[in-house]
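You will see two complexes here that share chain A, one where it goes with chain B and one where it goes with chain C.
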Partner chain A sequence: MNSNVTRGALIERRSFIQHWHEQAGACFSAGTNCQLVQHYGHPKEESDACSELALADLSMIPRWGLKGRGAEAQLNSRGLRVPPNHGFAQSQDDTNLLCRLTPEEFLWLGISEAGLQDPQTHESVNNAWFLPRADSHCWFLLSGRQTPHMFSRICGIDMRPERFENTQVALSSVARLNAIVIRADVGGQLRFHLLADSSSADYLWHCLLDTMSEFGGKPVGLSAYGMIR
Partner chain B sequence: MKILTCPVNGPRNISEFIYGGEYHPQPDPKQSSDREWAEYVFFHANTRGRVIEWWCHSATSVWFLAERDTGTDQVVRTFVAGNWPKDLDQSEELT
Partner chain C sequence: MTVTRRLSAPFGSQLDRKQTFEFEFEGKILTAIAGDSIASALAANGHWILSRSFKYHRPRGVLSMAGQDANTLVRVNGLPNCLADCTLVGPGMVVHGQNYSGGLRRDRMALLGWLSRFLPVAFYYRAFYWPRNAWNIWYRLFRKVTGLGAIDPAHVAPRHDKQYQFCDVAVIGAGRSGMQKALAEAARGRQVLLLDENNLMGGSLRYTRASVDAAAELRTLEELIDAVSREVHIDVMTSAVVNGLYTDRWLSAVKGRRMLKIRAGQVALCTGALEQHALFHNNDLPGVMLGSASQRLIKFFGVRPGQRAVVLAGNDQAYGVVLDMLDAGIDVAMVVDMRQHVSSEERCIAVRQAGVEILTGHAVFAAQGHDHIKSVEIRELNADGKCHGPTRSVDCDLLAVSVGVMPAWQLACQAGAELVYEDNNAAFSIRGLPEGVEVAGSAAGVPSGMNHPWPIVAHPKGKEFVDFDEDLQIADIINAVNEGYEHVQLVKRYSTCGMGPSQGRHSALATARLVASETGRTVAETGVTTARPPFAPESLAHLAGRSFYPERHTAMHQRHLQAGAEMLPAGTWYRPARYGTDTDTVALEASHVRKGVGMIDVSTLGGIEVRGPDAVEFLERIYTWVFRKLPIGQSRYALMTNEAGVVIDDGVACRLAENEFYVTATTGGVDNVFRKMLQWNAQWALDVDLANVTSAWAAVNVAGPLAREVLQAAGTDVALDSDAFPFMAVRIGQLAGIPVRVIRVGFVGELGYEIHVPAHYGEALWDALMEHGAPMGIAAFGVEAQRLLRLEKGHVIVGQDTDAMTTPAELQMSWAVGKKKPFFVGQRSLQILNERPDGRVLAGFMIGDTAAPMPKECHLVFANGEPVGRVTSSAFSPALDCVIGLAYLPAADSAPGAQFTIHCDGGQQVQARVAALPFYDPAGERQKS
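== the complex of A and B ==
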């Protein structure tokens, strides 16, 4: 047994593609029990890329789901604004997102700085079952006006702004993986959140990089979006 | 690419779907003979014309029913099992 391992100690979370970040020269910023990619050495260029085509790894940011007949009532009781229709997301006051994947299944994305804290323990009560999503799904953010063109190479859904409206949610296949795509623009900037099976995170990340190269896209750190300083 | 409309998620590429076989009304497991149960589980009618089939949207694991013409390969409509169309007889297979 490794004597350096302390029983009961918190293990620092690592991104599903941590090795790629390190090899790409990422500068990390300390998050809550994790490391967040601040930038890859070119913060100004990365910030500029966000409006054209950029890709960021948000996998270290909390997210969770709730499913069941009582899910909507429980979310209402927490003071969250619940999307009335499935296939849509609702931005909360602090820019966090609550997505309604199906009539009885929800996904909460803690995008804001406040959301970087670990989520509290959720219990499955009143016909609503808590779904831990931090380990099951990787979470990438794509932004910029070229994003719909990039998606056209790897996804069957038309993501152009006039066809896929803001806050719309699609459960579909992206690069042959089952995936969740959420459009959530910020300040007029086109943004898509992409979540897929975490065991395929490395494959998906490289697929996205490869597809983006055709359109001049680049990976960026979270400081490019003002999510960390 | 063919498009099939999932009643929950909307139109999607056919590559996102899995065929689940013909729909057959389930016989009463306590009353049916072994032969009747085997026919329900294993045997297909392979009818030419309109049939009801099980399909699954693999990206979301949503199982639903599709009314399809096997002669023309046209999907007439799709619906979830709990929302059976009133003009379709649920007790008999379509021919």
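== the complex of A and C ==
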């Protein structure tokens, strides 16, 4: 196998809904081999929308999965704080999230680590198996106090803040798609991360926009959350 | 003389008298007040006929004023079957009656009423079937006259959607008991959802007269509503009809254009009671209504239901009706009380003190009138409950009936509870509710004294309607029993009683009483028919709601659209079928691949990672061929059979490392393959990890004699010459700066590279190959060209060329089955099947006659006049200049050169000749070049 190759200059990775962003007049900023949506021309309004109902595409931000009976030990060995129970996420010191989807399956959101992130080097390490979540799943962020009401139109899980606690994780169906929903509030702002099959990103994005319209929700760029890096 | 039907405030609690507007009914412009229902607005304008009955086309008007009957079904702005007593009238609304021919007031079809003696219950089961084939004539007529309302095919339903709702306690019904229950639960800190079908809370407190002091009742109502409104733990949802109560307290409700799906920790049914009608001749005449209906008209809508009324009483509640009528200035001519004695309850005393004549021990024998009641005939009741003696006629334009109530038992029944009737006092109760469901208030039971035990008066001329929806009379129920349908459930099905829009709300009890009487059983023994969801009619738009149809797009989807591709659904995926609409598009795309280079998006192919110490052992068991000795960096065809030895999928297994394989599967089959893998390994418990990574990888197949040049031009660190990268090899590297997995496979029979990249890079890969392949003339080709090319190469498509019986041997693929393996799924079945005499074979065929029609998939193959097989694929091959295809043939007749006949469209017969596979490049030199 000719796997020890020298990497050339990688051209841009593209969001699963890049076409929509462009048509919506998105202003982009450079990310790692990709473009990140900064805003859609109304940064102030977008920032204000975050506390009511807003939707952002985080699909270009790193994430990966790890599963197997050795996964927990592998994560511990990397100094990560592993959620003790499945169905919950654990915020790390740098505010990134490690989610325990099942007893032996984990999802990392928002950090890039050499060797684990790259799908080309996913050799097994002590019964821990890499999952290419950055490509298999799109990643959307929903925020604001109207989010649970919006979810009630498309998801059978009770997302009310008093019932779906912060850091809780649900593996459920959203608009008839298998999806991962993670509540991870920031600064008292209700936030939900929604991940689903990347090939249905366009479908899901439009479903969310349509459902949000009842509540006056709007798409926002990452600057609205101060996430542009 | 102008009759003033509107009452001034405080009557008409639901009206906003400052707003009046016009609407149209049957072509007439009428005036309504904001808050009016269609029925109340029509009543205020003197229009009492709302629709015509289903069978005899009798005029029908207000009965319950609560949406509990089918009398008020009208067409509103083109939408049929709207309940006029529940639907608020709006400015400019156009309303029509239903089920008439000619005119609502002069319906030609009303002649059927005169023929009713010839149209007994279930007559249609026995008539119209003779002479032979007569039904084919009759049914055309019946199609024209049956059905309620007319559908406007051009009508576009406005947006409807669905919503999930959650609560600790769902209280159904916001009447007195419902509000009290909600407050009690909220006081315990529980989150309560209080639902009511009406637009205001209060239930019967708003319209019934439980005591003489109406003001005291109003204060009770206001206090309760105020308490509920202030309680933060109670969410109130009015105008929401709960239609279903399912297992684990799962409720469905309709509110406006939304269907709610409610999950409640506990359910309290406070649904109240449904007032019941009495049976007498012409009990369906407009102007004859339930006492509660007349109260609703007066109190909700400020409409006087009549000028001179007779009240038929069977309980004390009727006297509350009389008091309300008197308050509204209605002349109450008489109270006809079916009881022998009037009770000493305060309302009865008040009525007597008001000077209203009360006739006890009597019943209404008949109502008289044509389009509206004009008088009632009254006779004395004997001890058996039958009328006798002289008839007394009383002029009136309103007959209010208040003879009994029944718990609104439907939701409790849906939950599995039983409605219990006590024959000795005509009381009701509910028993057998599941855990977490309770009933309260009138829904929990109706006490003794509320129901007259036999409010049924037969008439020699019939027309005492038991079921208004289906125009069923007393004789119809009795005849059904006499036909041998003695069980009430059989009576329902034979007579259709209770099967109309009102679902037996007013007919179930009367039917049970009649069946009990005819069969010599008690009503308790007879029981009532089962109530099933929905409680109230639901529109198809509600059920359809906002439906979700997930779609899957590849990373290159936008590029396909920009290139003018015609997209083809493949399961939930969308694939480019062809790029253009010209008739020769597919042939040109195929030719491009054969002569130059083409590129197809194959991202939809399934991708499964099989990893771990037992990965090889797993593949050995799950696929038919052998993988143990497959070198790293090589791939092998992978055929999957089920336990019966039937081919269910195929793909390619690539060995990326000693214990790591990347396996492809068909677009439509990968989910099933992955499921089967998980299922089998749950039993085998091999040390292997399985991951469905289909969406994580985008892929293209660059195929054609110039394919290598395209990859070279794009720039790659993968050595591409045939020695370094032979057919069926796998390489990992970069292409155009993108991390790739490249497999040298040749589904279309040319030099080809299947390039897999992380999905985010898919579009960039497509762009790069198009750009760098331009000098070589690269062009995209779609699924249709691919199918043609693979057919020329004789490759099968699992699902198209296979069926639920196909074995590898039938596909001539025994070479893909490991003979020396100890086990694989389906092996034992194949060993048995292979012992059997020759069966069928999927063989290639060619048709030399260029003028012959093209066979299609599933056209039959005939031999000696008998069907012996079928075509699975066929197409015109530009490369071979003739029609080629695959067909199942008897093995004995499948030798190359054998002739057979295919029956094509229109019975045309085409001669075909068996040809050896593959048709194209039999030595495989092109794909290995």
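What we mean here is this: the second predicted complex is superposed on the first by the 206 of 229 C-alpha atoms of A that agree within 3 Å, B and C clash if a C-alpha of one lies under 4 Å from a C-alpha of the other, contacts with A are read in each partner's own complex, and residues count from 1 in each chain.
Assume a contact is a pair of C-beta atoms (placed from the backbone, for glycine too) under 8 Å apart; a residue touches a chain by one contact, two chains touch by 3 or more.
These numbers were taken from a predicted model, which means no experiment stands behind them.
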Practice task
With the two complexes superposed on chain A, say which partner A:G156 touches: chain B (first), chain C (second), both, or neither.
Solution key: both
Practice task
Please indicate which partner A:G70 is in contact with in the superposed arrangement: first for chain B, second for chain C, both, or neither.
Solution key: neither
Exercise for the section: In the three-chain superposition, say which chain, chain B or chain C, touches more residues of chain A. Expected result: C
Problem - Contacts of A:E12 with chain B and chain C, given as first, second, both or neither - result: second
Practice task
Mind working out whether A:G87 is in touch with chain B, chain C, both or neither, as first, second, both or neither?
Solution key: first
Practice task
Name the contact category of A:A179: first (chain B only), second (chain C only), both, or neither.
Solution key: first
Practice task
Using the touch definition from the top, say if A:P43 reaches chain B (first), chain C (second), both or neither.
Solution key: neither
Exercise for the section: Residue by residue on chain A, keep only those touching chain B in one complex and chain C in the other, then list them. Expected result: 156-157
Fill in the blank from the handout: chain C residues touching chain A in their complex are 161-166, 261, 263, 546, 548-555, 557-558, 572-573, 603, 609, 611-612, 632-633, 656-657, 659-660, 689, 691, 693-697, 715, 717-719, 731-734, 736-739, 758-764, 768
Exercise for the section: Going by the contact rule at the top, pick out the chain A residues touching chain C in the complex. Expected result: 1-3, 5-16, 18-19, 34, 59-60, 67-68, 118-120, 123-124, 127, 129, 131-132, 134-137, 152-158, 160, 163, 175-177, 197-204, 207
Problem - Contacting residues of chain A [partner chain B, same complex] - result: 86-87, 101-102, 156-157, 170-173, 178-179
Practice task
State the interface residues of chain B toward chain A in the complex, per the touch definition above.
Solution key: 1, 8-10, 12-13, 15-16, 57-60, 62
